[in-house]
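The two complexes that follow have chain A in common; it is paired with chain B in the first and with chain C in the second.
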Partner chain A sequence: MPKDSGIGASSKRREDVRFLTGAGNYTDDINIHGQAYVYFLRSDIAHGRINSIDTADAEAMPGVVRVFTGADFEGVGGMPCGWQVTDRHGQPMQEPPHPILAQGKVRHVGDPIAAVVADSLEQARDAAEAIAFDIEELPAVVDMREAAKGGATKVHDDLTSNICYDWVLGETDDAKVDEVFQNAAHVTTLELTNNRLVANPMEPRVCVAEYSRGTDEYTLYTTSQNPHVIRLLMCAFVLGLPEHKVRVVAPDVGGGFGTKIFHYAEEAFCTFAAKACNRPVKWTASRSEAFMSDAQGRDHVTKIELALDSDNNFVGLRTDTLANMGAYLSTFSSSVPTWLHGTLMAGNYKTPVIQVNVKAIFTNTVPVDAYRGAGRPEATFQLERVIDKAARELGVDPIKLRRQNFITEFPYDTPVALTYDTGDYNGTMDKLEAAADIAGFPARRAESEARGKLRGLGVNCYIEACGIAPSNIVGMLGARAGLYDAATVRVNATGTISVMVGAHSHGQGHETAFPQVVAEMIGIDESMVEIVHGDTSKIPFGMGTYGSRSLAVCGSAMVRATEKIINKAKKIAAHLLEASEADIELKDGQFTVAGTDKSVAWGDVTLTAYVPHNFPLEDIEPGLEETAFYDPANFTFPAGAYACEVEVDPETGKVTIERFTAADDFGNIVNPMIVDGQVHGGIGQGIGQALLENCVYDENGQLLSASYMDYAMPRADDVPFYTVDHSSQTPCTHNPLGVKGCGEAGAIGSPPAVVNAVIDALQSGGKTVDHIDMPVSPSRVWAAMNG
Partner chain B sequence: MYSFEFEKPSTIAEAVAALGAEEAQALGGGQTLIPTLKQRLAAPAKLVSLSGIAELKGVCVEDDGALAIGGGTTHATVAREAADKYPALADLASHIGDPAVRNRGTIGGSLANNDPSACYPAAVLASGATIRTNSRDIAADDFFQGMFTTALADGEIITSVRFPVPQAANYQKFLQPASRFALVGVFVARFADGVRVAVTGASEDGVFRWTEAEQALSADFRPDAVKDLKVDPSGMIGDLHGSKEYRAHLVGVMTRRAVAAAG
Partner chain C sequence: MAQVSMTVNGKSVSGDVEGRTLLSSFLRDHLSLTGTHVGCDTGQCGACVVHVNGESVKSCNMLAVEADGAEVGTIEGQANPDGSLNVIQQAFQEHHGLQCGFCTPGMVMSAAALLKENPKPTEAEIREYLEGNICRCTGYHNIVKAIMAASGQDVGAIAAE
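And now, the complex of A and B:
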């Protein structure tokens, strides 16, 4: 029987009531009396030297409060990068300055040249058009291969080259790797591109900042996934403000997908300008600005080689990747192609020798950073595509080849720095084969062929590393932040509970799922528990939500704090029941003396905590509020197997996804409905990447896909109804809930399934097509078929 | 957007007078013009809304059986009211944009804009329709003069479009994946005296008639009649979403599918 409340129940998302009835409170809903509006004048060329900027005419325009340029930020810090990667020679990465407003050069279309603060947005925009500037256009660096060459035009004049770092992971001895490949019975090689994406959350970025002259305090309302991280970075690295004078609030946020993790120049600008102008200021990005200023995702070019022995065992893997950083290092950009990508190259397989080579490249494009999956989709795509190609070359069943090479014993130390704690890849594949009715595929193919369509089946596995941790290890790897999280459980006198969490919910359903855990632990109704998040003045110093970490890390902190609450409440109950604390049991919201019918209710204990007339004051303090910080011992490792069936129209090349099945192992599950929704959303984004989405610059660095007229977002009729199976469950071994994280799995696991299926369909039609780069658009499929 | 004067006349005569002003611009459903204004890519001194003019709206059958559609008639109205009179045209209208676009956008606005990927120009050209303005009648063959260019003079208003109703017709649209405009759209119309085939989305010169296909189909109205015909890729649009060669290929595919569907 499915439960109807607590852990394991599909409780309906309580936050949806306000979202669906227009009662949400998003940053753009916040308006402060007397606020002025910010308009950023952005570069329309990709690369240029700023000779002069004259703001005099603009300053004189009606309604203008002040016009800012890079010169106003000479004494202010730049936007920081939160992860220092060390290269293969032990040297730190090249880390160029990233000013709030451009200084000296503009480096991508959308780079802010100046900012106007005015009484209205239209006045600010009018004034921006009156700014006179002389920017000498320079050759744009767009193609990564060209950018990496010696003598290429440099994006940053003061760096030695456009290479941010040249990094290696795994077997660093080239000779050993060469030997494995020379002795291999078969080597499969694949060159591919992981297409650049624009995250496109429904809500664009917004900042509202105010400054109180009386108290010298700042408040920044911003569309962020992690308000404490923003406050720390902005105060410590950019503006030099004391943290206790700065409050950062991320209210309802309409989707993040990674692109709202980062600290953006607009946030620092608005905070700075609120004081400089002594006015609250507001900036709301237009969709066009989102396209040219939100950190973009993916953009890897890779050559991958897989070596197999004569029994088809994987014996070696070598990759060479160019990773686009864009024009500046966004907050966590440097970690994505390295520690979030290279470490995943073992996948679900016991390949003994792996070498991952990554060069990160600066180009005159919008900065690239984490986007749903962040490095792990790039790893999974290469690996699962090359395995599929190997299976085809060897004439073996692709599922069988995978099963033969699965890791089956845990814990497993990979050659690329991770220790997988648990998993059951064969068990998960069994679930997939059943749920996807793999056995029935030939009949479905025959039916498609009878209608003149080519049908293909693509299967792949994925492994994900969520809840990056522990902090001391990630610190050694270059992280400039801790990766713990925190929760405060505040029990009110009448027994209701407010839980202040460091995680931030911007679509994940924390407000529903987190209370299910606390309610289960105490045995009270979920409605008695409320989550508070997103405001540094209310919550403990947590690190926010990304990398599918919220429940595994912050949820664990919440469990620890709730355990403290229960322990203290038992002391109070023991006092009220005149019994030994060791004999007190908590069940269904009642404290009972074991073996007796003596009991006291949760509400009586909580009231006693705050009205301590009959209270063991000599032993414990009044009140019932506890905080816990939780720093995980390891990552969690969700894994799964996905199957996609496509039909290809041989006349037009159009791909239609007919079936999509996901079998995931997320460990224990708190709310199956929310998990289904997370997987559905992730698959939708993965299908978007595989079939539709593509962020494209021309050779001059002009963004060709700068609006929805040219950037194809997946729509409801582009995706099928999904079959999802989460019954394969190997609980995480090191966190109290045994949970692993589910937010990114769909986006990681689905692109290779789609492309594998398309290749399978074309091969069934007699076309010798090995690979098509994403997006597998009709024109690309047609070109491949007719190439 | 920049500031502008706004007028909303209730008769064609008033609208013509208002459009005589310096830098005045007619506003139909605004589905192209409003986004353009918001991006500050156009700066008319005066907008003259045509949406308050009752005589520009409606669908009716004329004495000779032709279908007349007022220039200010929305796509949604055409989809609904032309369904039993000219089903292929109604079907085309029902697949333009999304419901918001179909309930605001007008046939006159679409034709006056002559977007190279718009649907209506294909129907008008394949039907041999007549564009009626406040001052004259313009044959479809003379109306479209290249991308975003028409025979309309400054201030001239499309009052109605007169469609001869074919014996059989169909429109096949292959969607550009992002905008869902026509990457290639082909309208095939079979009349007693021959077949007309108009192609939108494909050419750098905007909508055009595929005369080789017309000749072949006039002789033999079956998909196979055009299966060996090739469209010259030069002059086709090549962009992110499809090469010139791909569009040329799709013209053939969509034409065959339209013929098959027209029956």
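And now, the complex of A and C:
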């Protein structure tokens, strides 16, 4: 019998009411009296030297408040990178400056050349047309292989090359890896591209900044997943402002998917300009602008080799990846192809020897950073593709080959720096085989073939490192931040509770799910608990939401703070009941004395805390408010198995997703409805990557896919109903809720299932196609079939 | 500048707008009806869908002056007269048909228009009708399910929760 409240209940989302009635409060809905509008003049070429910029005519245009160029920011810092990667020789990565507005050169289409602040957006836009600039076009480096070569045009003149770092993880002795491959009974090799994507949350980025001369205080409203991170980076590294004078608010945010983690130049610009112009200033990205200024995702080129012994056991894995950084290092860009990708190359398998090689490359393209999954989809895709290819080459069942190589004993130390705490990969695969009716596939294939269609089944596994992250470990690996989180539980006199959390909800439903936990712990109704998030002036210093961390990290802080509340409340109850604290029990919102019928209600204890007439003032302070910071002991390791069935039209190459099934092990689940929804969304994005989406630059660095006319977002008729099964549950062993995180799984696990299915379909039709790069578009499929 | 008058959610409104002012801007900036969202600049995403004289319209693709004299309905006017969620809104909440909420007003307005012309749409008809509304959060699963439920169809058999 499903629960109807508390942990495990599919409580309906309370935030829905405002979103369904048009009463949400997104950043673009915020207007401040007297605000001016910002328009950024952006480079329309990929690489050029700025010889001069003349803003005089623009300054004289109607309504113009001020025009800014890079010269106005010479006294402030640039946009920082939050993770320093150390290369294979122990040297720090090359870290070029990233000015707020371009200085000296423009390095990608969309790089801001100047910014106009005016009374209206139309006036700002008109004035930008009047800016006269002389920018000498330079050859652009776009292709990573070309950019990595000696003698290539350099994106940053002061760097030694376009290589940000050359990094290795796992077995660093090449001879040992070579030996494994030489002794292998079979080696499968695959070269592939993980296509560049644009995250495309439906709400474009927006900033509204104001400055108070009276108090010397700034407020920045911004579309962010982590307001404290923005405040820290902007104050400490960019503008040099005192943190206590800056408030950053991320109100309702219309989706993030990673691209709203990062500190962007527009945020620093608006904050700076609010003081410089002594006016509130507002910038709202158009979608076209988002395509050329939001950090993009993926874009890896990889060669992967899998070595197997004569019994089909995996004995070695070696990868060589080029990872595109774009023109500048976005906030967490450097960590994505390394510590979020290389560390996942063991997957769900007990491969003893693994070597991961990654070169990160600067190109004249928009910066690349974390997008839903961030490194883990890239790892999963190549691993699960090469395993499928190996199964085909060896003539063995791809599920059996995976099962044979599964890690089955935990904890498990991988050769690539992680310790998996728990999992049951066979159990999860069992769930998948049942939910996807794998046994019924041959009949469905026959039915498709009778209609002239090719049908394919693709299966894959995935594992992800989530709950990011233990601060001491990531600190050793180069992170320039801690990755704990924080919660303050404030109990009001009447017993209602406000929980201030560092996590930020931009679709994940924290406002509903988090109260389920607190309410269950105390035994009160969920409606008595409210979540406060997204405002640095209201919440404790938390690190925000990304990396499927909200419940595993911030939720753990909330549990710890609630435990402190309960402990103090028990002391008060013991006083009121004239009993020993050790005998006090809390159940269903009632404090009782064990073995007696004496009790006092939650509301009476909370009232006593704030009206302490009869209170142990000599032992404890009045009031009932506690804060906890929680730093995880390890990552969490959600894992799963996915199955996709496609039909391919042999006449046109069109791929249709007929069935998609996900079996995930997320450990314990607080709100099954929300978890299912997270997986649905991730699968939708993964199918998008596999079949439709592609961010394309031409050889001159022109961005060819800068609108929804050119960048194919998945639409309702591109996807089927999904089947999801979350009954495989091995609780995380090191956080108090036993939760693992679910936000990224769907996007990580689904692309290889789709491509494996397409290849299976083509092979069933007698084609010897063993790989097609994503997006697996009709033209690519048709070319592969007829090539 | 031109003066426009129209009825929005049953109330008469008017304002002075430039010829280039879009209906979406008029609703958001002049009337402070910020429930209508703008998610793109090419008429693709559908976050700005409203009803004009009973038809669903992308309000970023219509000038405010073109709506002069029209009856306009926005997400703010969708709830029942007592303020409770209407059948479609209820179904979206019941079936978790929204996450970040940004595309939601457009989805609800499109769903209402669909059910007006086709009271019992099939799954395929719903998916085809929503071609002009992009959602990045839900993978569409629960949106389609919610619209089927709002039309009175049994969705119990569709994919477990």
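The criterion applied here is as follows: the second predicted complex is superposed on the first by the 787 of 787 C-alpha atoms of A that agree within 3 Å, B and C clash if a C-alpha of one lies under 4 Å from a C-alpha of the other, contacts with A are read in each partner's own complex, and residues count from 1 in each chain.
Rule of thumb we're sticking to: a residue touches a chain if its C-beta (ideal position, glycine included) is under 8 Å from a C-beta of that chain, and two chains touch if they have at least 3 such contacts.
All figures in this text were calculated on a predicted structure; none of them were measured in a lab.
In the superposition on chain A, no contact is made by A:420 with either chain B or chain C. For chain A, the partner that touches more of its residues is C, with chain B and chain C as the two candidates. After overlaying the two complexes on the shared chain, residue contacts for A:696 are found with chain B alone; chain C is out of touch.
By the document's definition of touching, both partners, chain B and chain C, reach A:288.
In the superposed model, A:705 lies in contact with chain B only, and not with chain C. Legend: residue contacts after superposition of the two complexes on their common chain; A:652 is shown touching chain B, with no touch to chain C. Within the superposed three-chain model, A:777 lies in touch with chain B and out of touch with chain C [touch as defined at top]. By the document's definition of touching, of the two partners only chain C reaches A:204; chain B does not. Shared contact residues of chain A, touching chain B in one structure and chain C in the other: 288, 708-709, 713.
Looking at the complex, you find that chain A touches chain C at residues 10, 12-13, 15-24, 26, 28-29, 31, 122, 200-204, 252-255, 257, 286-288, 506-509, 672-674, 676-677, 680-685, 687, 707-709, 713-717, 719, 721-725, 746.
Residues 18, 20, 28-29, 33-42, 44-45, 47, 74-76, 78-79, 85, 89, 92-94, 96, 98-105, 108, 123-124, 126-128, 130-131, 133-145, 158-161 of chain C are the ones touching chain A in the complex.
Residues 125, 288, 651-654, 691-692, 694, 696, 704-705, 708-713, 777-779, 782-783 of chain A are the ones touching chain B in the complex.
Remark: chain B residues 39-40, 174, 177-179, 181, 240-243, 245-246, 249-250, 253 touch chain A in the complex.
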